[in-house]
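The structures come next, written out as structure tokens.
Here come two complexes built around subunit A, the first alongside subunit B, the second alongside subunit C.
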Partner chain A sequence: MKALSAIELRRGKVRSFSIVHLKDYLIAYVFIIPSLAGFAIFFAIPAIRGLVLSFTDWNLLNSPTFIRFENYLRLSQDEEFWNSLWVTIQYVVENVPIQTLSSLLIAVLMAKVGTSMAFRGVMIIPWLLPNVVVALLWSWLLDPAFGFINEVIKQFGHGPLPFLTSTAMALPSVVGINIWRHMGYIALMIFAGIQSIPKEVDEAALIDGAGPWRAFFHVTLPLLRPVLAFVVITAIIGSFQIYDTVAIATKGGPVQSTWVLNFLIYKTAFEGYEMGYATAVTMVLFAILIGITFIQMRLMRAGEAD
Partner chain B sequence: MTTTYRRPMRLLALFVMLLLVLITLFPIYWVVRTSLLPKSAIFSNPGSLLPSTVTLSNYGRLFGLYDSATAQKMGGVGLEFNFLRYLSHTIFVATIITLTQVLFSAAGAYAFARLHFPLRKQIFGLYLGALMVPGIVMTIPNFILVKDLGWLNSFMGIMAPSLLMSPFTVFFLRQFFISISRELEEAAYIDGAGKFMVFFRIIVPLSTAPLGTISIITFINIWSDYMWPLLVGSSDKVRMLTVALGIFRQQAPATGPDWGGLMAGAALSMLPILLLFMIFGKKVLNSIGFSGFR
Partner chain C sequence: MLSKKRLLAVALIAAVAIAAVGAAPVTLKYWLWDAAQLPMYQKAADNFMAQNPDIKIEITQLGWNDYWTGIETGMVAGTAPDVITNNSSKSSAFESKGQLVDLTPLIKRDKVDTSVYLNGVDKIWVRPDGKCYGFPKDWDTIAIVYNRDFAKAAGVDESTIGKLTWNAKDGGTFEKFIAQMSLDKNGRNGLDPKFDAKNVVRYGFAHSRFDANGQPTFSALARSNGWKETDDLYSTNFHFDDQKLIDTMVWYKKVIDKGYMAPFSYITPTNGANMAFAAKKVAVVFDGSWMKDFYTQQSFPIAFRTLPAGPEGVKSFFNGITDSIWTGSKNQEQAWKWVKYLGSPEVQGVVGSFGVVFPATQPGLDNSIKVFTSRNIDITAFTDEVKTPGITFFGPITAFGPKIDDIMMQAWDTIFLSNKPVDATLKAANKKVLALFKK
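What follows is the complex of A and B.
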């Protein structure tokens, strides 16, 4: 009798616990549901729908037919796609190292020389401006006929340079424009990383007789590695998705020399209405970014081990 | 520490800094300078550092102060550009999204940081994963969804994907909520407070700094957004500033773009965000490291 009631008691307890849990769960779901709904409707389901569409021939008007890997096969033989991929890779390869190095330089200046808030405040201003505005102002500064930069170049006795209007210079010019917008912002992230290094570490190195340069390269820089890794991976992911600057400043040209992947996708989907084919390109872009992130994480983990 | 650098090095560093400030600020000055010039002066003396003559006619045109014939004489391209309307659209959209997105993301972030419920880890993992997915992957299906819902060229269409959450906002706030000490909350629970009470009366007041920061970042992002509002909201009645500037630029006649008008438009689009930065700048500057890696 006694044992039974103990079991009953425990059962009751268990039940009351689970009721408490259920109530907790319900409250938790009230907190989570608005964001979860937004995530499902505008992130998760669209991503899956995009994947499904990439196996169809949908053009907004017909009813989509399943065509297996045809879009991907077509893509592998599509010169326009390969050109876009190549242009985008060139952009990333030019953009990320120059941007990271100049940001690192600026961050060191922020931390060691011009520690005032004013310098940091000025350097972040370009990042506050919309890409569209930045692209517009540089289109004007780089204008071949009346732009200020070419006026300066003329003073030195050279002809005007076709910054945004020649196949050789358009992509590097877009790179320059984006570095102008982002270097201060990225410098601030690296600056925060430098600030988080305890002062004693730096001082110890200097007391041990290391000059400021040696201290920087052998102490500060290695300690900044996680920060730099983060900055580089974000810059790579961001650079692969460049669109606004190209759309305003060069419209992908001249002769598709700035026809980056996002521009190709936009044109294919919203001017050519080839939704199936365009989503296939987005999936390739996605796969590339997953690959890069994966390699980067492997490299970082390898770094932790040594 | 700085004294250990030799004097010439320090001078060189100061020179580089000066150069960087110049590179950063000069283009912005050039926008303002150009916007103040009449059409004739823009092209007759393109290299003069100071505006030779000053006029507000470029701004006047943007505010629709002149009839179209006069405006065209001033260098206009016969395109209607109603700056105040586009500005009000941008402010409206950015304000609504910032308020709702930060509120709902904060609620979600709090659940991930403190509450227990089935699949918590998995759902948060999905949110994190979404940070890596390029935006364009969602753009095409979202466009189709918004079109099917009949929301093209409506504010609802422009705002919908950002209204309820952004994975980054949730992630950013969760990191902060985790770092808050639990003691206050536990004391409140002992006093009989419920979860909502604790969230609104303890967590939110303790988090004004990160909530302010993420609000500013969200506001700036929406303010700057171009591709999505161009896709779903290019009609005049919902057109946002960036979209209007883009269309203004695309419709340049063969004789060349209306640089005076464009630069006046660019200057006016910078102004509100720079004012916002002057007021909240310190907060933004101090929190950028935080938003990156913690």
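What follows is the complex of A and C.
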């Protein structure tokens, strides 16, 4: 069967109705049904149900009654919620820039220096490990009593550092652990972006007398913008949803210094039995993420290439 | 909705199955969280199924967190197990939401003898209104665990370790003991006036992170100092602002400053004091009897000894678990039969012979002591605390357990990591705890 280009399909829309195009549309829908069904069952329906539940006092085991906006009113005055939001924002602000920059650096190294498959493969190993394993691994490495990293620090004559057990260091440590886990994978995406830039463009820049730095900042980087936009947006969304590392390595502490939103949601829903209230928090997180994504798509013109 | 459809489907399948086979056995779902206890309950289930061919027991074991999430979501979806292994810290929430079957009428009907249980451990499962949610399966107490190599090297007379004294003022002989078990980088112990508290290579003592009850941690000393967490088992009048608790915490801060006890920042929430003990960075800990295998499996010799006696004598947290029937179970009569069997002396004997936990009846306990003696492990520190009256106490039973834990864990962090005053922090925390019950 003849493959249809996007332009042909678009033209089909404005053209008068024809049986051939109806057939094409049907086939197209058949192809997206699996993903659409997954989206509906695992995302759309639960999300709508969550929205409805956020207006109830559901405690997991009673039959929910509608309490209008009570959960949202309570939320606006809940110190714990605002603290969690603040902790989460701090996490995102510390996490995303460092993660993106180090991934970019690794990607460039992958493209220009470490071209061996072994190097590229090693870089994504942390990403292959489950989050829980990563969190456990690092809480062992960073343990003040017997952790490898603290043993090394002790060799230099310093006392053990409370990486996960002090209010000052716990959140940065969680940030570090997650950067370590994700940077190889993100670097791989940026690397793919670099590979897709035509060689001619680079060569033209060099012929025109641009040095390697100038070529990178004025040619490579602008051409990478769609990829970088994608990476940053997904990193922000992912960072807002930080949970596993906190639940394993710090348990939200010390003194709520790592009490991120998803941890609050889990605690409220499954330990406090306040599912209605927890879904209200979830909805706020959802709204924040949609808002941020929308603004970013606009600012970074992610949909267009230069 | 989904559950109804599912039930209908199950009913249909069941109807067809019954029509085809005649009397198909009823399947009971039974869940537990402790992998170490799976073999003994599998054995009990095999015995039970041999005696009751019309009932099939299907055991599922899940890790602690998955276990409770699974039970909760199962209750919502209508698919929870017929019989659950239940813990007093979780039970109240289920009871108050009508998810557990009151066994009192069944106990009366079948004239079950509940006087066989040791030291009133069945009382954890009987409520002030007389409702009963299970028979005790096993129990646990707390004891001192210490590294015997370190004790020998430090010249400690080991025969004194089970008879140590403690008070909040000077720490009694217990403080001397942990001082002697500490070691600085110059090889001096805490009794030496030149002991360097800033450069400790081995702490005499450590605790895992405190929660609200301090079951294997601070409760031993605070309670022996006369502190009561609440007025009684079901009271909602919490006393985290009590001077006796404050004095105990001030003592903890003192021994941390002296370098005898590991600071809170030294022990992570993931790896408790037991891990630092295993790494030989800590010489003495308190821990529960459920952890005894962890300690006896270490490569160095250890011993369990009775907790230090405070002004009010020796005090040990006492707890246990039970089996409860879910109200949503379609086979409650069979579930009751299984629960009754699990609480029987027969199963207690089986459980004891595995030497994993301490059964709640004397014959079962005797079996388990025999096993430990044959393995050359002295567990009398745990069992003596139950034999002697007045030593054991229960933790409060409240539906707000996890919430109170959160409040108190932050308070402990504030005191021990942010170095805020004990007195004011505990008073503020207690107000927060009391406010939970005013909503």
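In this section, the second predicted complex is superposed on the first by the 256 of 306 C-alpha atoms of A that agree within 3 Å, B and C clash if a C-alpha of one lies under 4 Å from a C-alpha of the other, contacts with A are read in each partner's own complex, and residues count from 1 in each chain.
Basically, a residue touches a chain if its C-beta (ideal position, glycine included) is under 8 Å from a C-beta of that chain, and two chains touch if they have at least 3 such contacts.
None of the values given here were measured: they were computed from a predicted structure.
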{"item": "Combined model on subunit A where subunit B meets subunit C, clash or fit", "value": "clash"}
{"item": "Which of subunit B and subunit C A:Glu271 touches, first, second, both or neither", "value": "second"}
{"item": "Partner chain in contact with A:Asn62 - subunit B first, subunit C second, else both or neither", "value": "second"}
{"item": "Touched partner set for A:Gln256, first subunit B, second subunit C, both or neither", "value": "second"}
{"item": "First (subunit B), second (subunit C), both or neither touched by A:Ala37", "value": "first"}
{"item": "Partner chain(s) touched by A:Gly184 [first = subunit B, second = subunit C, both, neither]", "value": "first"}
{"item": "Contact breadth on subunit A, by residue count: subunit C or subunit B", "value": "B"}
{"item": "Subunit B versus subunit C as contact partner of A:Ile248, first or second or both or neither", "value": "both"}
{"item": "First (subunit B), second (subunit C), both or neither touched by A:Thr165", "value": "second"}
{"item": "Partner chain in contact with A:Trp140 - subunit B first, subunit C second, else both or neither", "value": "both"}
{"item": "Subunit A residues contacted in one complex by subunit B, in the other by subunit C", "value": "60, 136, 139-140, 143, 145-146, 248, 270"}
{"item": "Subunit C residues within the subunit A interface of the complex", "value": "68-69, 72-73, 75-76, 93-94, 97-99, 262, 264-271, 275-276, 279, 281-282, 402-403, 406, 409-410, 413-414, 417-418"}
{"item": "Subunit A residues touching subunit C - in the complex, by the definition given at the top", "value": "59-62, 135-136, 139-140, 142-146, 160, 162, 164-167, 248-251, 253-256, 267, 270-273"}
{"item": "Partner subunit B, residues of subunit A touching it in the complex", "value": "21, 24-25, 27-29, 31-32, 34-39, 41-47, 49-50, 53, 60, 105-106, 109, 112-114, 117, 119-126, 128-133, 136-141, 143, 145-148, 151-152, 154-155, 180, 184-185, 188-189, 191-193, 195-196, 199, 202-203, 206, 211-212, 226-227, 230-231, 234, 237, 240-241, 243-244, 247-248, 262, 265-266, 269-270, 275, 278-279, 282-283, 285-286, 289-290, 293"}
{"item": "Touching residues (chain side subunit B, partner subunit A) in the complex", "value": "1-2, 4-5, 10, 13-14, 16-17, 20-21, 23-25, 27-28, 30-31, 34, 42-43, 46-47, 104-105, 107-108, 110-112, 115-118, 120, 123, 126-127, 130, 132-138, 140-145, 160-161, 163-165, 167, 170, 194-196, 199, 220, 223-227, 231, 241-242, 245-246, 249, 256-257, 259, 262-263, 266, 269-270, 273-274, 277, 281-282, 284-285, 288-290, 292-293"}
